[in-house]
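Report on one structure; see the data block that follows.
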């Protein structure tokens, strides 16, 4: 299906500066398009740059030594990387909002929920305090909080993890965003709670037709939620494909290894295939393909020259000499 | 006020600058007058503020014992007799007095029509009442004045006779400390408490308010019996920090400051609106040498007169005056100050290092020894002690200066001979009644070893003792003078101390302050004080 | 095959005091572990699963004598160990080692790898330095590291490598029982498999018994022989692996199993979505701990704690649905 | 909350008891004799003995302590040996001065300190940060007496703007407040900087930005408020030392406050006053700690006081 | 189907078995990393050099001094700075520059050693309190409370009265008042480290208390210890000068900086060099220790890059 592009990320590069002159590149050459109404998964191991990608898009790298040094992220015609502060503020929380991994720490501990929600709503919608409060209560009900009035009066620490995440979701959705970035929204939660939240997100996404960029390292979650998936490794996209294709015919050795090394319920194996070695350090990236040191198919070429992210079929891209060359 | 551990009396006070100031006393006075005339400065109000370094301990004149307390209470309480500026005893509440032949009874004829602040009349009964109070309560400092008395007899309403156990040449001086308080106040159950908050004397000022440690404010006594002050009020404010006192005088917050630190004199010297008064000395500074103290090897260096003399020859009093007192001190010429009656001049120990070294060699201390010097921990005292240390280092004596709180030193120095740890003590003494006996007995008499007195040199010279004891009972001034001269000569020659110098107070006040008077030792008298105000 | 019980918990409970009264006496208690009983057989992997805060780690600590139970008994190799002193426990620790969830946190950042691994030897043996070094190097090889790493500090290693160091340390004294408290949940997906495989290999080689604590049901299925499901400090179901996954009896086990996301987009299974959150462990519900969230809740569930019943051999469940 | 405060107040009783014993034993251990000091150097041994008798200084220590405690329970702290004023009255009169000083210091110092700290954190790495921290450290390394004397020289003597002594008008509070406040200002600036820096790294600050909130509001409403939590503790510790630590200020500015009273009483060995003062200081310390804890609970809703 | 899969797995494991993970990311060693991080803090580095300089001064200063610190010259008192007397002379005509040099070992010695002693005691108490809790903790913490509510000047006077005067008082007074703050800081640091996983691991390995306390917990608290330590040195120097102000500091014969500063205040208007120059030296020293402490804190804080 051909769809309207909502967010277009091009050649995004973000570096972390330890001083004026020295820096490490956390993500590089990140390019992808996101369509309206889709759930795009972003998977990869810890430290591969998933969060940095999302923060770069949201322009939330202030107060970190990080800076977007190249590329663009265009949302509805506005290049977020170059937009002015006011423009960005207008978009953030409005057209584009975000949920974070640790719901507990993402809420201001010394502010009651009602204040935090009203603040969010009134920043983007012309409402009185009372209207905003009513809207907040509505949103809480929508995310399945049985007793919104009570929760509104609570401080964050009085809520459980699942509740807080729902509040975060309600807050993120309260201004009808077109794009919701969810950075590992359920990692800190229990399985049964995770099931609740994923269920809820799916439902809301269907109802409102918004797009979700879902960041996770849990392939199970990806399989369940996403329409398309981006796999990142060491700061770069290594594969991009519709979810079914990715699981059925993973083309990058890393993706293959990843999928194989996840235990599946009911598979009955005692020993799992695994990817040896570990993720390279940002400061000392190998030359050539970044996965080469761990790849069982690696050739000299892989070790010397870095492959491009190329289409290997109409809707699948891969960054690997082996697949690209046959 | 008596020295020893008394902070108020010593402090950063100074004294007529050696030769220059006293020699040209007249010139100084003149220049003061000229300055006063030249100045057009006026006080903004008619309230006089005096910045003092310390506070009175208590306003009950029979309890308080230190100089500041007396300075403050003297403005509210009067005595039968008092001193003039030249240490002469002059009448005050008593208009005249006479001594009996045997020198054992003194009869006073009192001024009439004087009323206490509380309205009670002043008469012979009130003198008796003070004596009675002293008899009843042995913890009062009043004790010291009356302990040689036998009785007080009321002859008539305005005549009273004080009978002594035996003749005592110090009586007349000591009576200046016998402050007369209203019998009504003294009869109260807790007289001291009452007197802490109210004045009940006959003085020119009446207590109006007091903040302990802060200030004591008095207003003019409208019913004062003789010509009194013209100021509306008199406030003694406590300003412990030297620099702050100077600043207050400069800004006019204070009209009079006392004492002026010698280091700061130059700062205000040239201020046309400030007059500096250098008063004659009664405070005498010395270092006691414990004659019984033994070195680890058993030798007693200070038992040897040669060593003691060597110390005095090694010590440069002139430099002492210059370095420690900025020139505001005087070379010692006897064992007490020349402003005290019966002073007899001695030949100064002029600094002579060769002689000092020779004496040390003779005594077998050519290589010197280590000795400890205790001193109060105020800046000026320590400064002097370090000077002593430096001087003695010239004859290889290694002095360790141990500055300590006066209270702690008082404890140390009151230990009896068998327990004493005192080797050398940097100290000063000023007799509160400005008499010769009081200037010597407590610190040099053989019966005044601690804890009886402060003879921490543990110097016991029979002849000297005898002279003091005899003189005390004498009634003839010439005889007394002779005895005391002999005693002074003995002590000077024997030198149980290092004689350092006499210093005294420097007061400073604004040119618009008038009528300020002094008692010996620079104690101010505000009886006729006025302010040239707008 | 004769099954030897190596570890046995009998009605073990543990509470933690929270809040203090005027006199410093605790006013409230967290009921972390309630009336837990199970046996672990020699050579098997016994897993404990359950959601966060349900008392898994506390159970592990109780077994390892890091905590003392309030009541109940813990038998290890035929000895009751729950109330012995630290000194009496020390020799027993040779046979019982623990691996922890957070590999970074469990290694003292200020010690070298060699020091970390030889520490148990220092405590339990009086070997010479060379002997210890030999053992350390050997162990490093066993867990897939090289002896070059011995002189490095933990922060120079990746998460998976750190966990291997932790495992090597646990193996230094040849333990019989290894308690693994979520040993892989802090690791990256691709690393998890490495560590799981290593654990499996070691078990086969050294005939280890594992008490394996995890919240990941897919992992547990792979590695365990028998499984206990905990909820709110209670063991609600105990069963051999096959039975539990094929025929989960307790409604909570069912929900838990169905909530696991399957990494296969072609499968779409029906989920049981539980309402609400896990209740507080301070005020335990009077009846069945799961009653408040249970779809099959009956009036008696609210009133009465269910007994543990053996529905089929080796398959225990504590639920009123299966009352005999 | 009420119960919490009541409990904390009750808890202070044993602490005060410990302090009272400790203090009592301690000050009697210090050599020195109040009777001798009171009597002066010309006093006879009999006179001194009479004073000792009168104040009960000859009683066994235990009896003296018991007498003191009995008095204390009756609300009587005894009388000053030196001035014979009831200790309660004496301390109260001195307290009024010291509290003015303390307040004068607290009026500006914490606010300025926190302001500097927060600004430094927000603008960290810039010259604002450098300047602010330099100022703070200057404040920490300038001795109080030096500041005071310089202040007098400049503002009183040279400019004639401010009085140099006493406590008559607000003007006379300016210089003392400078001396009292500088240390607090400096300390707080440093602590609030690091606390703010820490808070700025928190997730919820990022959340606030993600909402599209203005930077200034993010800083104030979200970061600053939470960073205060740590600062309050430090502030409490600082205030705790003010009452007894004002001696230098009181000396320089001739203010008869508690600090000077303490020093005077110690050098006089005025036992009842020392004891009374120390009890007050301890009580003050405990109360401030309590206030800090309560404040802590107010700022930090996570901490429930019960 | 199961068969093939098993075989697949077998090959993989064999691969795994032979695989030795050599790929340890090559990070530099800890000290080097620390130095690198520290070097980025320019002010702290400058402060460090000042401290080194001070240390050198303490070691060699006295022998380099142009005059003996005690050498007096009554003809040249209170002279301002000049070529022959760099910092001028004092009330006895002693060379202030020489005295500052001579006072370096004294001043730094007293502040360092008192903070060391206080910190050592406080650390042990804090460690024990934090580790054992219970009555030990109660005792230590209440003791700290008592000391905290106890004015330091009282203690200083008591020490002078008991032990006699001199620099020793400053040393003891500062040391005693250093104890409670270290006890507190160390207690909370201990509590934090005690709760860390590796301590629990140590216990599960069977470590005895002593080993846990000194091998595992103590090194973990070093950070707070060191940072607090450097900051305290500055306050110790300040405390020494405040005590001198009240007359309970070093002997005025000793060229201790704080005493020099506080004694010089009588000459603030007539010979200001008596105050400014020692004051400046104190200021720079305190500044250096504080800035160094700050830098150290930032360097040791893993959250700050």
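We just call them A, B, C, D and E in the order they show up, numbering each chain from 1.
The working rule: contacts are C-beta pairs under 8 Å (C-beta built on N, C-alpha and C of every residue); 3 or more make two chains touch, one makes a residue touch a chain.
Molecules present, by chain and UniProt name: A = ABC transporter ATP-binding protein; C = ATP-binding cassette domain-containing protein; D = ABC transporter permease; E = Glutathione transport system permease protein GsiD.
All of these numbers come straight from a predicted model, not from anything done at the bench.
If you take chain A and chain E together, the chains in touch with both are C, D.
Among the remaining chains, those touching chain B as well as chain D are E.
Number of steps on the shortest path from chain A to chain B, with steps defined by chain touch: 2.
Between the Cα centres of chain B and chain C there is a gap of 87 Å. One inter-chain figure worth recording: chain C and chain D are separated by 52 Å, centre to centre, where each centre is the mean of the chain's CA atoms.
Centre-to-centre separation between chain C and chain E, using Cα means, comes to 45 Å. For chain E, residues touching at least two other chains, in rising order: 13, 16, 19, 21, 25-27, 157, 161, 265, 268-269.
Annotation for chain B: residues 243, 405, 407-408 touch two or more other chains.
Contact of a single residue of chain A with at least two other chains is seen at positions 269-274, 276, 278. Those residues of chain A lying in contact with chain D across their complex are 58, 60, 62-63, 85, 88-94, 97-98, 100, 102, 105-111, 119-120, 123-124, 155, 157, 168, 171. Contacts from chain E toward chain C in the complex involve residues 13, 16-17, 19-22, 24-27, 29-30, 196-198, 200-208, 211, 215-216, 219-220. Within the complex formed with chain A, the residues of chain C that make contact are 51-52, 158-161, 188-194, 196-197, 200, 215-219, 221-223, 245, 255-267, 271, 273-274, 276-278.
Only residues 61, 64, 66, 89-90, 93-94, 97-98, 100-102, 105-111, 119-120, 123-124, 141, 144-146, 148-149, 152-153, 155-158, 161, 164, 166, 169, 194, 197, 201 of chain C touch chain E when the two sit together in their complex.
Remark: chain D residues 15, 18-19, 22-23, 26-27, 29-32, 130, 133, 137-138, 140-146, 149-150, 153, 190, 194, 197-198, 201, 237, 240, 244-245, 247-248, 251, 259, 262-263, 266-267, 274, 278, 281-282, 284-286 touch chain E in the complex.
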